[in-house]
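Heads up, there are several structures right after this.
In the two complexes that follow, chain A is the common piece, with chain B as its partner first and chain C second.
Up next, the complex of A and B:
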């Protein structure tokens, strides 16, 4: 039986992990909300951002967080280009299905390029504060985990404010909820959908950098992430950013607690158990259906 | 109008009546007289001229349709299912590009331009069914109606205008639009469409799915739009009610206008009534709403 302090430590780590999951899943669910696209390559971009952070640190000696100044706008632009040049060419009738194949191939290309450029060797960023930790009511928390959580929280808050308060956010929400009506109000829905896609990919830049602070990376690591992230957005309700955030926190905490008794591999099955249970009992997810459009 | 003056099947009309014209004819709402479609083209705010349109590679839905909407008038399109009524509105608002023919707004050729350009030209379109943004508040919905307006003072002035015109919108300002009843949602859609001060509003089946009370409110609001100086091109399954409200009626069948004329006269025609208005003789309204 684990001690109370160990359980508390696991809960704290679960919250921190859940926050990161929430950010990563928010991007993934945004693609689906905007375009009904299943973006298998999201986690490959995540690993690409992590590699860029690692490379910039190794070659230029810059803090990984500074790479965000480049990777966020870069990924946004790549997302817009992907939507405009590739995804809009898919037939609307088969868009969702074909997007799986298209983005799967993009993931393979990214993985191949990373392997070609950096080999399959595992990489890790060593920072001055990598081994630093804080004590919080008896629980020891790595500083890098706190930073990653802070980045995720700040990015999610920024996403929320952008969607709720900005003119672009209003137009994006309108496009998600009723594309034709949005068009008739003068909203350039194609452009807005492109920006929405770019926004989703920009979250991968933030998430990847956060991941690089605390994780050993290798080119095929994205396969390890895509399953849990897909499970999170289905459990939360496809297209629902708040649903994804809540499901991410719940599953992240559960995974962390299960690791007390089970191995890491077995603990990860919680995502798939939750996925099967959701599909069997509530296929629209916790916040699916109409609620999926709410922010 | 003499009942034998109109032949709905052929679209022919008795020249003696001077009130109902076949196919491409148009009517002045005030005089109820037939206007010459060529010489008086600039008198019309919106003109769809010899439109041929369809979806994808499928067969044509509109086959040489001509409809003209004078300023400040309510023009109603009635006809059986599949006649192409909603398609007319999609062509008029730029959602569907015609394969041939011309769309003119105030005499300017806007054929093939998208919804944004048509909106800028003064054409607003309220879709069939419910098209409110359900997970946004009434306020957010209405403000999105002014998305293309850059000047905040103008937006504020337009908000006050629509809140005055639609008291329910003002009452439910902070409510989630998806929680309103069908009739209330329709009023939000009307208010939203008027934010840009359109010159003509295209209404597609505004009473669809509404109970009689809500339907009455919706038609009252159409009258109020006309009183506010906005022309309306109305597509409606509830043909009798629509013709009672409209100035001009157009009967569509098989993708073209079969008959057009003053709405009251179409309504009074028993032959039309039997064929297009529910199969019973028409009872002309005592005092149609104007």
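Up next, the complex of A and C:
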């Protein structure tokens, strides 16, 4: 039985990891909300952002956090372009399936280009504060993990405020809830859906930079992220942001605690176990409503 | 021009039969005129792809549920066969069928979970299946050999390399023939009709009394079994298994790409796609080696197919042919009144022109003036 302080440390690490999962799952939920699209390329963009942060740090010597100023607007624009130029052109009848394939193909292209440009070598950012850590009630927490969590939390809070407080957020939520009704109220749902998609991709930019701070990255890493993220949104209920956040926290913490007893690889299977259990027992997910059951 | 189109249709049938016989002849004689065993291995690889994507097409083509994780069943078939040969010391081909049966049993709970939900969640489950099996087979090294791989003993130990390839060429060909035959039979059956109803509108199919869930589950298991047979045969032929290649999301996506490229609603669609993509893959491997660029090409090709040709090459080409030769099976025919009158008079010069012309044997109705 591991000591109490070790368990406490795992819980703290689980919360920090869960924060990042929650941010990324929120992005996936946004895509699903506005377009009924499961975006497989989300984690590929995550790795792309991490590579951009690493590359900027290596070539220009800037702090990875500064790359956010470029990557967030860039990813937002790419997301809007993707929605407007690619996804809206698919046939509505087969949109769900075909969009999966389309975003999957985008993920393959990104992975291939990253591998071609930067080779398959594992990369890691070395920062002055990389090895620094804080004592927190007997648990040792790396500073970079705290920064990553802070970024994720700030981005999630920003997203929440944007969705709840702004006029755009209201229009976005209306579009998600009932597209036709939103149109009747004079909302340009196509434009709003495009922005929603861009917003989702911007979360990948933030998440990727946070990931680059304390993780070794390589081109095929995105497969290790997409599985857990997909599991989180299904367990939370497709389309439900609070569901995704709660599932992200719960599963992130479980994974972290299981790592005490099992190897890292086996601990990751918790996501898939949760996924299969959810589908077998409660297919609409923990917080999924009418919407989730149909997709 | 009903006579003309009837003749064309009949000649089309002969043409199709001729093409089928020619295809069989080419496939059967291929090993005897290849210049070197290398070309034969390319042929085997393409046949393997063809069996895999035809197996995938049982689910993807009939029900419209797109599984990106069928590579998992191929990997399970290969590993199942290999482990049954090495650990349980079964004869090779008994192990192959036992492994396929085990995969069929395993596909029931997987399908049970995956098919409870539609569309998006199904794809997620199919991807998760590959990722989870990759984790398990890499971590459980004491049983599966882990990343060091698993060596499958050859089924015919005394055989020369070239003969070995030739035997497996014909084995893959036979498996392909069985898979195509099964697809053809289902396509013409009531069961297949129900599956296609699911593809077109699952709610309506259900309300009309089609047992949609059972149908989906049955065809999922059939598809998984054929995929496992192909994977197991590959394991016996190749003789060396690595979890990274066996449980790769890429192998599953190749199946989807090939089937979509050829045309999921057509019997030979996946086969055609496998020939095109499989040849391209082998060619680029020789010309450019193993660079990450093959991912880019695969991704771009998949993207182009999804965006511009979601029905595949076969419908695109037949549509073009139909436009050129005007044999199109459209519901509205473009016939002018003058043409129609001339036709009727040519048809029945001695009867008045009021005679109905819509009693043709093929049930086609002319536009009445």
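By our rule, the second predicted complex is superposed on the first by the 289 of 295 C-alpha atoms of A that agree within 3 Å, B and C clash if a C-alpha of one lies under 4 Å from a C-alpha of the other, contacts with A are read in each partner's own complex, and residues count from 1 in each chain.
The rule is simple: a residue touches a chain if its C-beta (ideal position, glycine included) is under 8 Å from a C-beta of that chain, and two chains touch if they have at least 3 such contacts.
Since the model is a prediction, treat every value here as computed from it, not as a measurement.
Chemist: In the superposed arrangement, which partner chain does A:105 touch: chain B (first), chain C (second), both, or neither?
Modeler: A:105 contacts chain C only, not chain B.
Chemist: Using the touch definition from the top, say if A:261 reaches chain B (first), chain C (second), both or neither.
Modeler: Neither partner.
Chemist: Now for A:227: first (chain B), second (chain C), both, or neither, which partner does it touch?
Modeler: Second partner only.
Chemist: Please work out whether A:186 is in contact with chain B alone, chain C alone, both, or neither, and reply first, second, both or neither.
Modeler: first
Chemist: Quick check for you: in the superposed arrangement, does A:283 touch first (chain B), second (chain C), both or neither?
Modeler: Once the two structures are laid over each other on A, A:283 reaches chain C alone.
Chemist: I'd like to know which partner A:238 touches here: chain B for first, chain C for second, both or neither.
Modeler: second
Chemist: Check whether A:120 is in contact with chain B, with chain C, with both or with neither, and answer first, second, both or neither.
Modeler: second
Chemist: Who touches more of chain A, chain B or chain C?
Modeler: C
Chemist: Which residues form the common part of the chain A surface touched by chain B and by chain C?
Modeler: 293-295
Chemist: Can you check the complex and tell me which residues of chain B touch chain A?
Modeler: Contact set of chain B toward chain A: 93, 95, 114-116, 119-120, 124-125, 127, 131-136, 140, 143-145, 147-148, 178, 192, 196.
Chemist: In their complex, what parts of chain A are in touch with chain C?
Modeler: Per the stated touch rule, the residues are 32, 36, 38, 40, 86, 89-91, 94, 96-98, 100-102, 104-109, 111-116, 120, 219, 223-224, 226-227, 230-231, 234, 238, 263, 265-266, 268-269, 271-272, 275-276, 279-280, 283, 293-295.
Chemist: Report the residues of chain C in contact with chain A in the complex, numbered from low to high.
Modeler: 64-66, 68, 109, 112-114, 116-121, 123-125, 127-128, 131-132, 135-136, 138-139, 249-250, 253, 256, 260, 291-303, 306-307, 310
Chemist: For chain A, which residues count as touching chain B in their complex?
Modeler: Answer in residue numbers: 167, 170-171, 173-174, 177-178, 180-188, 290-291, 293-295.
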